[in-house]
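Chains: A, B, C, D and E, in written order; residue numbering restarts at 1 for each.
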Amino acid sequence: EMQIGVSVARFDDNGLTVMRNGMTAFDDASDDVSLQMEDATDDVAKQLDQINNFIASGVDAIIVNAVDTNATEAMSNAAAAAGVPLVYVNRQPINMDTLPDGQAFVASNEIESGTLAAFQMCRQLRAEGKSGGARVYVLVGQLSNQAAVQRTKDFHDVIGMDMCNFITIIDEQTANWSRDEANDLMTNWLSSGDEFDAVFGNNDEMALGAIQAMKAAGISMDDVVVGGVDATSDALLAMSVGDMDVTVFQDLAGQGAGSIQTAMALANGEEVDKTVFIPFKLVTPENLADFQ
Amino acid sequence: MSDASEGTGGLTFDKSKRSWPNELNVFGALILIIVAFEILGAIFMQQSLLFDTRDRFDSIFNEARLRIIIIQVAIIGIIAIGVTQVIITAGIDLSSGSVVGATAMIAMSFAQVATVNGAANPKAIFGEWALDLPWIIPVFVGLGCGFIAGFINGVLVAYARIPPFIATLGMMLFARGVAQWWSLGNPVSFPTEGYAKIGAGMMPVIIFLSLAVLFHFIMNYTVYGKHTYAIGSNEQAARMSGINVPRHLVLVYVIAGMLAGLAAVILTSKNLTAQSGMGLSYELEAIAMAVIGGVSLFGGRGSIIGTVIGALIIGVITSGFTFLRLGAFYQEMVLGMIIVGAVALDQWQQQRAAARA
Amino acid sequence: MSDASEGTGGLTFDKSKRSWPNELNVFGALILIIVAFEILGAIFMQQSLLFDTRDRFDSIFNEARLRIIIIQVAIIGIIAIGVTQVIITAGIDLSSGSVVGATAMIAMSFAQVATVNGAANPKAIFGEWALDLPWIIPVFVGLGCGFIAGFINGVLVAYARIPPFIATLGMMLFARGVAQWWSLGNPVSFPTEGYAKIGAGMMPVIIFLSLAVLFHFIMNYTVYGKHTYAIGSNEQAARMSGINVPRHLVLVYVIAGMLAGLAAVILTSKNLTAQSGMGLSYELEAIAMAVIGGVSLFGGRGSIIGTVIGALIIGVITSGFTFLRLGAFYQEMVLGMIIVGAVALDQWQQQRAAARA
Amino acid sequence: MSDIILETKGLTKHYGGVHALEDADFVLRHGEHVAIMGDNGAGKSTFVRQITGVEQRTRGTVLFDQQEVNFSGPLDAREAGIETVFQTLALADDLNVPDNLFLGREKTKFDWLGPFRLLDYKGMRDDTLAGLVKTGVKIPNIKNTIANMSGGQRQCVAIARTATFASKLTIMDEPTAALGVQETEQVENIVRTLKEQGESLILVSHNMRQVFDLVDRIIVFRRGRIVANLNKEDTDGQDVVAYITGAKTGAEYEGAA
Amino acid sequence: MSDIILETKGLTKHYGGVHALEDADFVLRHGEHVAIMGDNGAGKSTFVRQITGVEQRTRGTVLFDQQEVNFSGPLDAREAGIETVFQTLALADDLNVPDNLFLGREKTKFDWLGPFRLLDYKGMRDDTLAGLVKTGVKIPNIKNTIANMSGGQRQCVAIARTATFASKLTIMDEPTAALGVQETEQVENIVRTLKEQGESLILVSHNMRQVFDLVDRIIVFRRGRIVANLNKEDTDGQDVVAYITGAKTGAEYEGAA
């Protein structure tokens, strides 16, 4: 039986939980592998220490869902020095070009997620005849988190394009990925009484919080385009009743299982591609049924 | 001797110069912060924070803003009522945020509906028997979780004599673990309609303010309150005076735990979901409310009214920031400065009052 | 009177029965925890925590494990050395984690290389002039940031008379804001080789232990140490005895701040990147180390040695969990219980010692 | 034997290496007033703390009212009927005078509310004023916190607390140390009243005049041991000082210290 | 005029509504020893706290050594040459005896190290033992913390601290309140030594015998005001008590209280 150590950026992140579940399911189904999962609690330094602890315990391979993709060089060095195979999952390491032998990457391209959602929102606003000018609120995730920074930047990039430059951002504030904080933040925005046409949340939870606040204020969800990222089951339900308009699905469970297969292959000394790529998919009411 | 009712004579005592209550200083800070936001709003936004400048409401106030100012602090405010009592005993409760997280997951598991959108509830934690239960059951489960957490905290502090910081830090880690383990990190969603009403609309505010009034009364007019202050003031003296200190401490922590449990119920009901990360750092915010409101971390001093005003200060700041559209990066910096400023003002007032006499 | 050197006579004094140092209890807890892990390891894993059962190393120890046990607590341990001093003055420093975050971003901006992989550094924060600087410059920048944060904390506590909890809570929010604002949430990466050596290998441990020895000496044999204990024991008395309490407090907070700054330098060097979320909740871990090590949160009591043992306890627990393959969900729960248990043991020992006399 | 209210046998307390109290054999009869004298650090307060359960003794037995007792704390002692004015006063600094006076046995209303029963503020304030008058102390505003009281005012509050509640045995550890001339007189009157009421008393004091005025018997402590047991009639000030300083030692205690 | 070391004019302190000290005019000459007497809560300690800068006065002026002074804290007062034994003793509970004795003016080595200069533990311990012997107190282990000391032991540590350092003016607030017979005698000897050395002294005390033994002049406080200024030769115990209780008031203070 093969021992694999897994360090996940955060256990209480909904998306990463789906990925973890994918790994656990694979582990349960297979007799050849035994996983030991650790929670890095969003702390880069802790993650590096966890890898060293795995090495001290003598695992056969290590899987890392990086807290900060910029910190992967030190991890690659540690694993390479100990001769333990290492697989990055879900988040692309910064040292992708110089990955040592025995290391690989399994994921989707994070830049896609925000871009897909933002562009779809832009198209939908256009379709509703708002190309004369549309005003948006942006709910940002934890400011210290890479995905939050990236998705917000993607949104800015999209509305910088000619086709979408009719969109202006009224305000963007952080709600720390949380539905409750997003609910309160949206209510605060509503209390100013400013007109707006769309709300973009860096994740579905925040989008759902905004929806709850708008519904409580008696705003019709037909008049507002709401977008998120993750395609959680709560979000899919909201989409099915017409509250939510756009979200983005990534096959996180698939990534989880794929990372274990890659790690096992590396540990067995097989040749493996440096990158295994699993794309994002846009979810709208039209293709909703495929994901439920 | 006209002042006989206040003492046994001796020195001249000028009744009119009674030291003014500390709460007034905190209230002053609240007013000052509101005025500051109004001025900044008038200059930069041509709008008012609290007043209705666009004729959207019947009254002269921007009612929507008044509501959200207090809604957004009501839940943590409920926790802060309990935390205030713990701090008055010279203790501290670092576990309240995590207890909210664990309780949220557990209570919500008993509040789920059977069918969502025609299909079976995809998030159901337990079997049939735990679905579509009356709302009172998850509420009791929530209070029960809070009770257990508070009871353990209390026993550790009072009987095992573990410093409250460590005892509740241990509980904080433990409860956070429970929250994540309960459904292995997966969110628990889709509550029954009855349950969803507990935290809807202004309900959190009504519960918060009722509890504040109740505990203000308890702290000032009952033996419980008096002993709480006495223990915080001088635990040794309280013990020597014959107060059963350990038993009383357990009661204080139990009350704090149950208030955290209640907060979790309201929070999940308001958000229609429970997530293991819920309540993160609520303990710090609750403690901040109490301390801004004049509760001394060395025990023996402070009041529920002060804590309520402390909560309002945080509410006004939060709403004020969004009102001014202050960049997210600056918000934390400015919040830090305002909290320090509010307490500094209070300190300065107290010193001035003492000097002026 | 053979015991004249210890007092002025009076009662019988039996020198051999001196009360044993508190640090011994903490050390006992450490040994107990190690033994527990060894036993569990032998039963469930057929392996040893600290000994080399697979013949991977030259010595009888599992050297990789010994190294990681202390490496993983060295950085927070450095912070804990400063926090210990603050707590001994009856203060608290909640800002250290955030100060680490802010300092990490700022210091790292001056430690970047010009070319990465042949191309210009994609993460460069400033222009040419700030690239490829000698390692001493970012180190000084880091210490400087820590100095400023500590100085502000100290002035707020000592001169504005703001309770340390609030003053440092304000600084915590402020510094976290600065960390995020500095590069708008983007990480700062690619340090120079010279800078990368500061935190490489066992360097963090060497720095941690050297500082521990230095400050153990300072706390026990210098005026600085004596006054730190005196202020924590009875600030009023210290003031009346003619200690310049405010000036001393500022010095204590400055030292704590600079140690946090140094920790940030080592942390970024070790991880080859700076991220605004770095240091999150380090303050709690540092405080936990100190308190597990016997430092009293009411001030006046505790020692650097105790804190170092407290750090080792946390290190052993962390490594022990991975060793036992304890599921992550249970780790936090068990960690909470062990922290409480370690302190409970200490309390029980102290009481038994007092009773036995 | 049945007239003995308190008896200790071999009562001993060591603090680490410090032998603060060694083998104290002591007897107090119903209605008797006894003084304990001795140097600073002789172990007088330590003796009081062992009897009242503030600390756990190293060894020895305590009999109260013919029963062997092992008080786990001062609460137990009080419930058994021992009222004590400790040398450290045991006041809560942040509470005001009536709160301190009634601490732990507040006057209440609606007692069925358990810990949440209501305080009878008015009743307590009136009783406080009455109690303070007995001690003769002047406190301009009893709503001020104890932290703001002068040394003598604090001491009077502690004494008033004891004097307000009836008991079988009263122990006072240097009750008049910080008191002025008038207040001392008043407190001495309180002690005389106790004598008339037949309550037993242990008085720790350094004040020779006071001791000879008030008590029936004098016990002298030296270096943690009892070195003399003197009836007031058989002794005088100089004699007592001789025992305190070690110039003399009671016949039955030879070899003790 | 030049022989006046301390003078206060209209010194007043109000705490909220409590008028603890009103219009105190006071003069102390070089080498003079003066006692302050008065009821509990009469304002004696308040007077001491205003002079030594522990609190900021409500109004009035203080002249020390002919200079108007506004001490911002006791450190200033000490540096100007005023040594004080406060009623609250001002000891750090968690430190041991030598540490407390030298608190704020440790004996050190390598002074160029600034705040990190080394402590001369041995020198301090020796001086501590010498200082304690002067007060006659017995402390079995000076390495115990102050928290573990008896009431009298604490007081002696505070007195030893004052007696160890030379000064222009010494103030003692009820220094012998908790002391035993022998220790009181020793402390009185310390005061006599000060007199011989020509140092000025203000002694707050309730002990009539002590006051008449030691000082030249007696000031009586009542209800926050000075009501009498009596030379020892012109008065006796009963007379002083009359002033304390309010039966008499000094001619020059008529209408004061």
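Definition applied: contacts are C-beta pairs under 8 Å (C-beta built on N, C-alpha and C of every residue); 3 or more make two chains touch, one makes a residue touch a chain.
The structure displayed is predicted, hence computed values, not measured ones.
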Subunit A to subunit E, fewest steps along touching chains: 2
Farthest chain (mean CA position) relative to subunit E: A
Most remote chain, CA-based centroid, reference being subunit C: D
Between subunit C and subunit D, centroid-to-centroid distance (C-alpha), Å: 47
Centre-of-Cα separation between subunit D and subunit A, whole angstrom: 71
Cα-centroid distance, subunit C relative to subunit E, in whole angstrom: 44
Junction residues of subunit A, two or more chains touched: 11, 39, 143
Sites on subunit E at which at least two other chains make contact: 15-18, 39, 41-42, 88, 137-141, 223
Residue list for subunit B, restricted to those that touch at least two other chains: 10-13, 180, 184, 328-329, 331
Residue ranges of subunit C touching subunit E (in the complex, touch as defined): 3-13, 218, 221-224, 226-227, 229-230, 232-234, 236-244, 248, 251, 300-301
Residues of subunit B defined as touching subunit C within the complex: 94, 156, 160-163, 165-167, 169-178, 180-181, 184, 284, 287-288, 291-292, 296-297, 328-337, 339-340, 343-344, 347-348, 351
Sites on subunit E touched by subunit D in the complex: 15-18, 38-42, 44-46, 87-88, 137-141, 144, 148-153, 155-156, 174, 177-184, 206, 208, 223, 241, 244-245
Touching residues on subunit A, where the partner in the complex is subunit B: 11-14, 17, 20-21, 24, 39, 140, 143, 170-174, 177-180, 183-185, 187-193, 205, 208-209, 212, 216-217, 232-234, 237, 240-241
Subunit A - residues contacting subunit C, complex: 5, 8, 11, 36-39, 41-46, 48-50, 52-58, 67-71, 73-74, 82, 94, 97-98, 142-146, 148-149
